[in-house]
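Listed next: structures, encoded as structure tokens.
In what follows, subunit A forms one complex with subunit B and a second complex with subunit C.
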Partner chain A sequence: MNRARENSWLILIGIVGAIFLIGAPQVLELFTIINLTTAIAMALLALSLGLVWGFGGILCFGQSTFFGIGAYAYVVAAINFGGTSWAVVVAILVAAAFAAVLGYFMFYGRVSDVYLGVITLTVSLIFYNLMRRTSGPEYKIGDALLGGFNGINAPPLNVPGNASWILFPEDVFYVAMAALIIGYFGCVWLVRSHFGRVAVAIRENELRAELVGYDVRLQKLLLFAVGGGIAGTAGVLFANGVGRVTPDVFNLYNAALIIIWVIVGGRGTLIGPVLGAFGLFYLISSLGQQTSINNNLVLGVILVVFVLLVPKGIVPTVIDLWDRKRGRRGQFRRHGRRQRRRGSRTAETRHEG
Partner chain B sequence: MDLYIALALQIVYGIANLVLISLGLAIIFGMMRVINLAHGEFLMLGGYTVVISTNAGLNIWLAMLILAPLVVGIIGVIVERVMIRFLYGRMVDTLLATWGLSLVLIGLVTTIFGAQTATTISPPIGAIQIGDFTSSGYELFLIGVTIILSILAYCALKYTRIGLIARGTMQGAEIASALGVSTSRTYAITFGVGAAVSGLAGGLLAPITGVLPSIGATYIAKAFITVISGGTAILAGTLSASTLLGGVNSVLSYLTGPTIGEVGLLVVAIVLLRLMPQGITARLFRRSL
Partner chain C sequence: MKGEIVVETRGLSMHFGGVVAVDQVDFNLRENELRCLIGPNGAGKSTFFKCLTGQLKPTFGDVVIRDLNVNRAHSHEIAGLGVGIKTQVPNVFEGLSVQENIWLAARRFHPAARARSLVEETLDRVRLTDIRREVVNELSHGQRQWVELGMVISAEPWLVLLDEPAAGMTHDEVLLTAELIREINKTASLIVVEHDMQFIRMIADKVTVFHRGAILIEDTMDVVAADPTVREVYLGHRKK
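And then the complex of A and B:
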């Protein structure tokens, strides 16, 4: 996509987002608004993986780790501080810092991408097992009991600096939607910056980027930490939307969901994962009302079908079809893209062999 | 003295348990460089096979040692033919597709048998006495099975014609196929054998853990960590990584409780991967199986 067309799309996305931000609470019922807050948290989480995986080429299967850590850190800090003003900051920083520490071991150990996926997933599952066991009264951080399987109640957000002025669910929706819009355009800015272009260069050919003189390990580490921070923010919003944080945030089902959003929406775009998250959230909520078809079954089939038949995801596929319809110019560009993909694939096989 | 014997037994069991749940995954990964994210569900299916056939009146030993590996092995071959073979050389896509498969299997089993624990079966061997301590006889039996299984795998790879073909395909698929080996059949058989070993492990563990559709998740974290820490050598990798991680886990669990034990296992594995990113067998025991 060329820059001018991309810009006009961005303006459209901004307008739609703003209309949604202002309009939704006026039109929809409170129950739907609270549900939407959770969906927005999920979309922000999808965005974080879309950034890390789609643009950095970092195959993180455990983005739920940073999401869960953000949620838990927020709740624990809010209970200990008696207000949420600093808890939000603490949550984001803790999530980003944990991503940085984990990233240090993986990127500086030069763990290859498939291993990286499995390690991140394993970390998330270990957190799941760990938090489930914290039910006794001895497991507490400051004043906050971790609560084991049942989790902890999340204190609602308050206006920064005034712990007694607690936000209503509608207000939390505004905060969440604003966070998503800011997060989205922040990611667009990051991807277009020098930093983002280097990240894409590393994704396309790590060896070449390194020979050109970039510190691949540090670049990946920083991008991973940013992704962790965004996922942590999503965790804070999720804790507010649901009102409770349980070990389930770390479980395998959640980890799979995030991957499926990004696969379905499309890697290499930022709006794809966001739309994927909203779409699948809607699908699962409607599936939740009946019992004959199991959620896991539906998600599994969606994942297999997309990997085998629509590997690029919906948004890039739609863009390709659009280009093909528009004639030669699109064809020319697509040809170039295909060549580049072939090039990177041979590089991959060489690397593995 | 008795305490030390009981403790040593506990550590050995911790190691054997890791070997048992990881071996099927290690066979598939070592031979085919495919990380099977549905590994936990293969274990789960093995468990269900045992529980259901035992409740239907089959002898529990037959169910555990023969039926479970057979059923899951056949499922493995079907999965390889229908899905995996289209994805060779695309590691990331294989990971994602097997993850999808894992969700499908959880969904199917939940739909058929319900989300709760199926009727449990009790271990067929009771407790045994070591001085003042009692130890589980069934755990001793599992240690024995793990040892026999490892020896069998070693002999099969080292001394049989099929093992030779498998090792040849593992080292150079193109050369093997140029010499007349049907690599696609070798892959299908390997995947089936890996699945069968997983099924056996799942069946053997079913009396201890019970079966749930989502029980796979409790195994796979440990299995993945073990296989990746071990590297691509199937036996040497699994055994060395299990000894290290299982030892750390058992000792820490004994000293402080299971929560810290699990964290210790993870921390050791991550530090290990920083030191040896390709796993233990890329640095030590390099020419082993």
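And then the complex of A and C:
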């Protein structure tokens, strides 16, 4: 995809996002809006994995860890601070810092890709089991009781600096949607920057990146931490959407779900994971209203179908189809062979005739 | 002799279990020198090369680059000293375009504007301007080798280490590569590991012959080619 076309798509995405941000609360019911906030949190979480896996080539099977840590850190900090202004900052930083520490051991220890997946998933499951066992009154951080598998009630967001001015669910939707848009364009900026291009280079050939002089370990660590921070932000939004944080944020189902969103939406794009998360979130919630088919069965079938038939995911496949439909013209323009274009076009018409 | 010593190994040894791949090698490279390393398969050339580039950590001995002991240095740290490295199997960023590959190398040590002009310059030097937007994994072997050479020179290194730069190239491509290497030598010292004797004749200044992990002889190409031991090593142990 060339830069000009990519830019026009980005403008379109920006406009659609802005319309959705402003328009949705006007036309949709409150219940749907609250539900949407959760979906947006999921989309932001998918975006974080789309960045780390799709661009950095780091298959993190436990992106839910940073998501859950963000959610828990937010709730615990908000209860202790008596307001959410700093709790949001603390949550994002704690999630990013945890990702950095975990990443330090994995990348500086030169853990291979497969084990990286195993380790990240295991860490998530450790948190799941750990948090489930915190039900007694002795398990508390400051004033916040951790509450075992019942979890903790999440204090809603307030206007920064004014703890008594609590946001309504519609307002939380605005915040969430704005966070997703900012997160998305932030990621677009990041992957176009020198840092992002190096991340892609490392995905393509780690040894070459090293021989060219880039510190692969540090680059991966930083990208991983950024991904952790975005996942942590998603956790904050999730806590607000659901109103409660339970150990289930760390469970295997969630960990796998994030991967499926990214696979279905498409690796190597940023909008793909976002759309994948929205699409599957709504598919699952509409399936939840009926009882004839099991949810997980449908999800499993979708995963198998995509891995076998649409391995690149929806967005890259659509781009490929689009390119093919527009035919050789677009292709030659992309490769910059101006001179041969006329020749090939006549050859094509002759062929058609 | 030419300028000061820029690369020195002292008693460099590399053991893999019981196998001694490189055995106490003392080696010097002077400024602006072009040195070829040759030797039959399994002579330890590539292992020696990997020790120089930080891909392997020597079992014993020292590698010194410009008075700096780089025994424990990582590859990226050695590259960071201004050393350009090309590996035996072309290592390129497969899914990226030719110019992106070269830009990534140029941008590592140069600010954005300088990197852009270096990319133009390099594309010209390695004759890849016409296919600059092509994805590297769709190119021929020789072109991929040039992409890698382009990445090496775009960073403007003062020391260049090349492992089999002409492998798998057509005759014409080999000629162009030889020309390019001589050009690089105007601004940088070079170590070239090579198999192809004809290619070495084109570029060689001084040649180091490896055999069984040690240096057999170190002299000009003519002397080396005339040496009976070298012939024996290359052609196999024939008893006359």
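Assume the second predicted complex is superposed on the first by the 328 of 353 C-alpha atoms of A that agree within 3 Å, B and C clash if a C-alpha of one lies under 4 Å from a C-alpha of the other, contacts with A are read in each partner's own complex, and residues count from 1 in each chain.
Methods note: a contact is a pair of C-beta atoms (placed from the backbone, for glycine too) under 8 Å apart; a residue touches a chain by one contact, two chains touch by 3 or more.
This is a predicted model, so every value here is computed, not measured.
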Which of subunit B and subunit C A:197 touches, first, second, both or neither: second
First (subunit B), second (subunit C), both or neither touched by A:114: first
Contacts of A:30 with subunit B and subunit C, given as first, second, both or neither: neither
Touching partner for A:133 - first (subunit B), second (subunit C), both, neither: first
First (subunit B), second (subunit C), both or neither touched by A:211: second
First, second, both or neither for A:182, with subunit B first and subunit C second: neither
Subunit B versus subunit C as contact partner of A:15, first or second or both or neither: neither
Comparison of subunit B and subunit C by subunit A residues contacted: B
Shared subunit A contacts, counted only where both subunit B and subunit C touch the same residue: none
Subunit A partner contacts - residues on subunit B that touch it in the complex: 33, 35, 83, 86-87, 89, 91-93, 95-97, 99-108, 110-111, 214, 217-218, 220-221, 224-225, 228, 258-259, 262-263, 265-266, 269-271, 273-275, 277
Complex contact set, residues of subunit C against subunit A: 53, 55, 74-76, 79-80, 85, 87, 91-96, 100, 103-105, 107-109, 112, 132-134, 148, 151, 155
Contacting residues of subunit A [partner subunit B, same complex]: 59, 61, 102, 105-106, 108-115, 117-119, 121-123, 125-126, 128-130, 133-134, 251-253, 256, 259, 263, 293-304, 307-308, 311, 349, 352
Residue ranges of subunit A touching subunit C (in the complex, touch as defined): 194, 197-198, 200-201, 204-205, 207-216, 334-336
